[in-house]
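Chain IDs A, B and C follow the sequence of writing; residue 1 opens each chain.
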């Protein structure tokens, strides 16, 4: 019998709990990844189970769908992650994220990291969908309103005055870049209705964190996350989720940015 | 009949114009990429056409050759972009960039991002050249002058006093690193005559922007771009081009750096 | 007869010396890479030989094992470097780094860049080990002490007060992230005994430099490198080694951080 207070029993418990969560999210795939590490790096498999799954995926504050969306965003941003994206797009489907939400999460990232990262991830998503026998009813935006006008509305609603400041600050040097932010990022992309504003911000914050060198944009989009109804604790959970996929340095830098945003709004993190 | 002033007609026009430019640059490849997205992400294909091609590639200020060189530089820097590099090295050839210029643009990037990114891109270039049936007459540098001496001359001509300051600032901590910058970056690499100084700076600015975490070096090389004859508007166009490949955050950070460089020189951006 | 003082003789000497070192480290593989570039970019092959091998790998201050460990760390961090990792894990084995050290160097990087980069590199390592006919006796940590307790001990020993400050600064916003740093990064990972503390810091500093946007973490880990017995000159050598794999901008930024750390400790770089 394991005694719950001894360290070794606690370790066993973490491993078993992690393996159960991993199984729930990935079927046999998760155990296969752990087994495949047994030949040269068995402890690495154990760390995946204990730290990524028992410690992080099992945390409260975000549900498994939200954690998978954040993970997919971080992996897409990181690049050179096709096999991990395969695993986590599969897991996202298993925990109930819809194919359309996965596609929309990736489309949402175009303004933040350009087409290549997104097109690579879409290619992975297509293969995983086929593997699941999922047929996607592709969604197509049909909105005749002026792109600038609807973009400006979205910009103010999501980013508030801060978004307008960014756009205005570009007018002396690159008015067209300012226009593209309004028309494309907010008129075309943010305008899409198939992923909730909260989930869009989750994915954005996770992806910007993993991408690196994005502190000013993280400040804007952590603010936007709060604006659309995420709590400070949910923002911190999103960052915590990214730790397993992009490491502590990226996340600690993002935490510093989050703290500044919370302090300006007199918010504290209460889980 | 479409009425030219209605938003939907304007949207059609952007799509048709984008598709025409994409076709001019890529033959059937471009349409194939758009078609391949129809199953799960049709709007993503539309955004490629409308935003990347109708909005960005069709802009004045840089010609298609310059835009493709900037794009190739950004993609090489980003990494995990073999399929996009295949597409854009092919497009670069179609719009008239020579194979030697493409190779030289990549060789030029070694000091900025090391051998791996460049060797990966060279492998892609070789495959595209073979696909085009292009035979490259490989160019080989033959210059007996002392590498340090010719490097120092190039450094002063291109970067001005700022370049010397960077080199001097290293002498207390790493004099050899300073020497490599002079001998290798400027004596070996910048010394090569097969890509114009303006195009070298275009590629450098695009690549540094996409690479990320390069603000001090971007300041030096935006300055160098001005020194070799690019206008502020051309620098901003180069950054605008990168948006489609590395996203707004990288580009907005680079715009901030560009503004500081322009202000120090009392330059304004006049298209 | 070459006259040793003429520039052309000196160039020949660099090439021959570089080729000899490359051969020592890679057998026929190195020459094959150089030959493969002869068709479109012969000078690029020459630069690999002359700059990466004759100038950098041949430097004093770090031995070839340490240089290969730093290189493997930088390549793993950079991503999209499977072919370069294949080459340098092979070279690491040839110069005497043990398979277990290679695996441990990669496992050590999980907290710094997450699982995906490490799992990709482990896959490459497995293939190289198989190619060498090397059988790895996988090492498994077995330590019943409380993870937090042993982690806190390691943290103080390696990072000193600075490590505790980082952990404390997280307590208001993310106490669990602070706990994971202690339990996982220092209790699980740093606690592993199969790679020396000096080599761990070499790999960490090289990887953080190549990863980018890690200035605060580089400051901590350059400090830790000094704490475990590396000299300032060895830290600078590690950064110099990274230049060939991630370019000058990343390294110049890291040099700036290193200078600040050295100055705070009143250390100068004496080779």
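As a convention for this text, a residue touches a chain if its C-beta (ideal position, glycine included) is under 8 Å from a C-beta of that chain, and two chains touch if they have at least 3 such contacts.
All figures in this text were calculated on a predicted structure; none of them were measured in a lab.
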What rotation angle superposes the Cα atoms of chain A onto chain B, in degrees to the nearest 5?
-> 120
Count the residue numbers both chain B and chain C use at their shared interface, divide by all numbers used there, and answer same if that is over half, different if under half.
-> different
Starting from the mean Cα coordinates of chain B and chain C, work out the distance between those two points in Å.
-> 29
Residues in chain A with touches to at least two other chains are numbered 79-80, 212-213
Across the complex, what residues on chain A touch chain C?
-> 6-8, 33, 37-44, 47-48, 51-52, 55, 59, 75, 78-81, 83-84, 212-213, 236, 239-240, 242-253, 255, 258-259, 262, 268-269
Chain B partner, complex, touching residues on chain A are 79-80, 99, 103, 106-107, 109-120, 122, 125-126, 129, 136, 138-141, 144-147, 166, 170, 172-174, 176-177, 180-181, 184-185, 188-189, 192, 208, 211-214, 216-217
